[in-house]
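The structure's right below; bear with me while I get my questions together.
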């Protein structure tokens, strides 16, 4: 694999890369730019001006291509002057070489399945089984990223990892707050199922679906639950119980302006909201800590305010308080 | 019918009244207050203190009762000192005597049905027919109020009236903006169907259902559409068309902080949002103009800022610009 | 005319272009950039560094010039390396070749004048006639753009077109809301007259005047009305009627934070606010739909969030719901 | 004069009082309440129920009346049970007995007139003279309160006092900031002239006029300036100078959401905004310090948060830091 | 003990009660109201009018008194008509009879002390020992309420209970987020120490101190830490370590508008913020669930929106999902 | 000294320059950029790509270097292509040549010291003397900039200059508002002392310290005061007096969202807040007026909205109102 973080001006490139985006730039002077990448990073092509863009006529997002060209400098960054672009057959490079991933998912499934199996309320377990007992659901759920672009957990398997974190945190808050721990666990497992229909990742490009844009993962998740329940020959839970589970999905963003359909009305829904937010924000900070852009050369203070984290400065301290390492 | 706007201290009361609310007041000194009313207004009972409330043990919201008592004064308003309260059989007084209503609904149906019949896009009409061609739906739709409490169109039939207003306004904006007028009309007809499961009104008391509180009429409407479409043996429209219609429902509040799941993404959804808001706000102003509390004695300036209308003063001008009346 | 959307690197240019802006860039390294354009688009010149800018010493915004030079690439866009710049006499190229325009305005005048003539309230018509019966006013009103820069209706004639749209929408809302339709029409015609003193466009460059910046079109419009009324030998309407008309102008932005002097206090002023907003927002969406930058290559989803439209994604759907085209 | 702060339950009243308000209370049970007062405070009458309100049929706001009645207790406060109400001739009690006032205004005029006379820029002084050299203007300006109700400087003469304070503060900031001190002084003198047409006070009741409600004192002030300038046979200043003065009026509230038409664009306009705000807020704090409601019994911490002052607690400290008193 | 939730109009009272507040009401008609209470609730006295208030001249907040009087009704609630008020010696009734408390605190100390003892970083433990190893500190810390008035944990011992909850939640989030669990625990223990100087509770009345009002518990806590560290003969930690601990205190409110001096800059500070908020909000919901005012008569939906919880409705569901109880 | 505002493409450079920043740019293609400057302006170096950055391995912020290279053009600005970079000994160029400064500070000290000496309250003067009577404090106080980067008074000596302005303005407001002028003066002198520990400037680079980031100058200032008071063998003022002075520091930003720990609770603290804001905003406008970027070529309207000043347009008017210059 080409290591995109170590290329320099003048390097010759002739490696397989994923087409992450085909940016049509309109305006007064139309042009097209390819965004190419693999697991190690990304690089933009030099612009293909309108009328001179035959080389990329058939290139589309998600294709695997072999680019031959040279690295040059542009706008204070590096770009790729491509002399030839050839489409490679799908699957000729492993997806894990091309995109970030959380790694093996067995430990996440183990935790979720054990938690689910331990639930003593039969109707609660029955609703969860509709999803987590279904193999097709599990295959998609263990691949789906937590976010399509720059968000937290934007990796293959990120949704599963995030869901585990939310369950772990939510159960502890539930114990402290003397809430219904099983109900909180169930809400945590279900809260983001709408992301399965809101994101695409199959081609190695994380994107939002048309449905994801038009309805949002919150409303989609609620509809998925309603549809699954309606499809059962016998009701698996009472009407009020179904409403309570739907409410977890609809309220987990906490406030209307953050996309919740309603504010959390139950202690358990409030707990889910906190656990979801805590998992998301701590993951975002850990991702920022790992970013060579924000923390180049092991610096301790971030190089700028972090916009995604409420525009704040971050500090990676190494104070050990005298602890022996 | 007792005219509640003309009673005075010392009047004897012995009329049928609707129990609009049974307010349990807790705190340090628990008590219960009945809110009683009919189409002409409402009056509160004197409080029934805990331990001395046998007379109202079986009274619940929505009951029709005959109260015998006397009007007294309390907290700068009038209240009813009840000596006896007797439950009357349901239906012994006509609902239209007890609650506000928009009156005959034929003209509203005529407009909606003609608009629907004139739609040239077959799959659009087919989706509308799933709802507006269904008698059970129509019966509920023509009764449902536009809001449960103090909101605009809070009358029997208010939802139907509001829907007509939205279609009328939205079509005109669509013509001006060269949008798809049929699509806008369809979106307008569907936008508030979730209110059918969010409100109750059958007993003469307008209230919000548990589902209405836990999910909101926006999300409920989207689920109703999804469920209805899924229940058809053959698809009545394409997947994208279904998404566009669902998007009308999910986005018609315009902004997330006002309860939209997503912002309007199409010209037609934006038009629906404006038409909905224009119908709601102009109705609210007309209702304020008609309020004897805001405009006592034909005053021209409202007696106070109107909180529901963004805390503004209102003026009812009678300037005629020399027009012959 | 040079088609600025089809030029490429290396093209030789020797065409008349309008000087849209002369951007003095200060800071540590002063330089000047010309923004040149015609109806087909715009292009920036290469920077003229301080001390080497003799060629443009006499060039100012609004001049018509003939530029000889070559197209080069800079910052991912095209720019013009000028070798000579010669000022052309004003009027040697027709304004309509140089700036966007709504086209013939007869149909707009026809609608406005008929609406005005049909008004039955004599004092209302008399006030409108002070403006719309004045030829000098009409000449400026039919040219004035709706906005100076990137706003909606930013075309020659845009203000007239926008005014017609507002009247059309406002009358329909007035009918639905049982408001005074004639008063609403009059308010709609007058609401933006302050733009005549707030914008300049005569030289082909849409700009804001010093008065426009220092006072805003809302306050200017109110003063224009007051001055016009004060200049009449006999009052053409009562004091209260004058206040109501002034109130339309002062309140049409709806909220203080959007530039209204006061919130709408009458049903008619509220209607004008909605109609103004609906015309503006739908025009902005239609302009976004037509933008090759937002929708390059007939894409359906916008290439990015549209900042001017509350930072949202836009969808141009072509779903026809089975309609025969 | 009756001292309204020392009456008790059971006291007999038979004194002249001003009718501060005639509150028509509509709603389910219409009634009317008189608010009566003099310089020492105010008291509400017991409600006059609809149909039993003959005694007050001819009473209107601003009348001087003699009330015969008894003090009783109601809603945790005192009220007046009136047995007879008789209208007294206007002027039979001096206005200064009836309403709060800043006292003699000579010192304020002295400061303003000296400041004006010292201005070296002839056109600036000429514009000020249009207003402050006009006797009719001066008579109204020295009476007008700074606010109609609970706002700062809500006393007869309050506007004049506030204007002096603003000039005093603004000149000092101008000196520190090396701004045009004369221009700032002129802006300060003119900034609130619109209040003359926005408030009424002649009858002893401070109120907002219809024009004040419909246009606001900011827009009215700008129109007053424009009209005065237009009425001169010869221009007294240049167009740009007129705009700069108008800009003081239009921008002095600082932000659009606080009622400014535009944000301050010049150093001098920014200074005026600060001086206006500083005068207003410090006056509001001094008025709060003097309030027996907020600081009963010489308490040091306010009895509650002060809503008008951004909902904060106030402290009246008497720390003297060892200073000899 | 008198049970204040079960008294009725006409009851004779002659019990010891705590003076919770002496409300001086100024305004036009000055008066004083006593707020009296014990652990079972509170009741207001009838007002003592100025000049007739000898009976309470010497009564002040925090006194224990014996009131003889009768229960009457006023403003829709009950009040106490006192005929005599006699001051009782302090301590003649146990504090736990008079105010709410979290009960025995041993289990909370056990958890905190074990957690502290298990910390492996010596300088971290040393800083904690400065406070939690000090007996005077412990005595105050185990009594201090979590809030002075209506806030969460407003009980004797509430601060200690809240601190334990925060440590419990924060450690779990730290484990999930791979943060420094010991550092998070230390931050959690220290975050609210400023409340010791911000609140008073010794007399049975929870109140805010003058310092608490003038500086806030956040700034006070930071100063307490700085002072304690400065008072040591040898530094117990490095300068940067001290800053990190101070940062926990200064940032734990998360956002400036909620009172944080700075936003959390480290992963550990962010975790503390979430844990603090989760403990506070879940406690507030549990307290609302237990409120007879919000949930009278075991109702499931709250009787109104809960203002302290972001103005939302609450639901106490009893769905058991088929679980055997 | 090299005049950085007059260099052009192709110029050879071989001058001493200060290293203002060493920007490590991470991301997909790591690189380093030097920001170099002197009192006349700043210029960026061409990027040094990772692996080819030996020349700058030992360069760090604050160093004085001699750069040999050529001016080239990049991204529409000028940059420096360095062929050699040599570190010069500290102090070989005077700091005043390298950074902006307010000039001689004697006049500022004179005003502050006279004001301090005239204070009649002994305990107030004693507290001020702890700081302003201390030579080490004075040396740092007279150098410290008012802001580290682009803020107002970002010059050597800026804090002292700003403090004088605040005292001057605050005293005048105090006189107008009949506040304690001595107390206000003391608060003004102390309000920003926390900046001494929040900024660094010694090397010619204005920066924020780690403590400044983690605690903010408001909290640091409060701690500095507390520590200084605690260090005295005898109390120099009462506890309440100390709180009042601390309150000035903690509340001077006026609102929590602007970084105040608490809102101003006293008249004097409110006055300080206004004076601080007025000094800051007028300085920012004067600095904008002097900026060649905002006002190139003596233009009157700013070239763009000024983001730091609430995103407004600025006007530098030269209207003289007929005044003889």
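For reference, chains read A, B, C, D, E and F in written order, and residue numbers begin at 1 within each chain.
Keep this in mind: a residue touches a chain if its C-beta (ideal position, glycine included) is under 8 Å from a C-beta of that chain, and two chains touch if they have at least 3 such contacts.
Given the structure is predicted, the values throughout are model-derived calculations rather than measurements.
If you take chain B and chain E together, the chains in touch with both are A, D.
Both chain C and chain F are touched by A, D.
The interface with the greater count of contacting C-beta pairs, when B-C is set against A-B, is B-C. Set against the C-alpha centre of chain D, every other chain centre is closer than that of A.
Residue numbering at the chain A/chain C interface overlaps only partly, since under half of the positions present are found in both copies. Centroids of chain A and chain E (each the mean of its C-alpha atoms) stand 40 Å apart. Residue positions of chain E touching 2 or more other chains, listed in rising order: 75, 210, 213-214, 240, 244, 265, 313, 315. Under the contact rule stated at the top, the pairs of chains that touch are A-B, A-C, A-E, A-F, B-C, B-D, B-E, C-D, C-F, D-E, D-F, E-F. For chain C in complex with chain F, the touching residues are 23-31, 33, 47, 49-52, 74-75, 210, 213-214.
In the complex of the two chains, the chain B residues touching chain D come out as 4-9, 41-43, 73, 75-78, 291-297, 299, 301, 303, 313, 315.
Residue ranges of chain B in contact with chain C, taken from their complex: 120-124, 165, 168-169, 172-173, 175-179, 182-183, 237-238, 240-241, 244, 255, 263-267, 270-271, 274, 277-279, 281-283, 285-286, 289, 310, 312-317, 319-324.
Taken in their complex, chain C has these residues touching chain D: 210-211, 213-216, 218-219, 222-223, 226-227, 230, 240, 243-244, 246-247, 250, 256-259, 261-262, 265.
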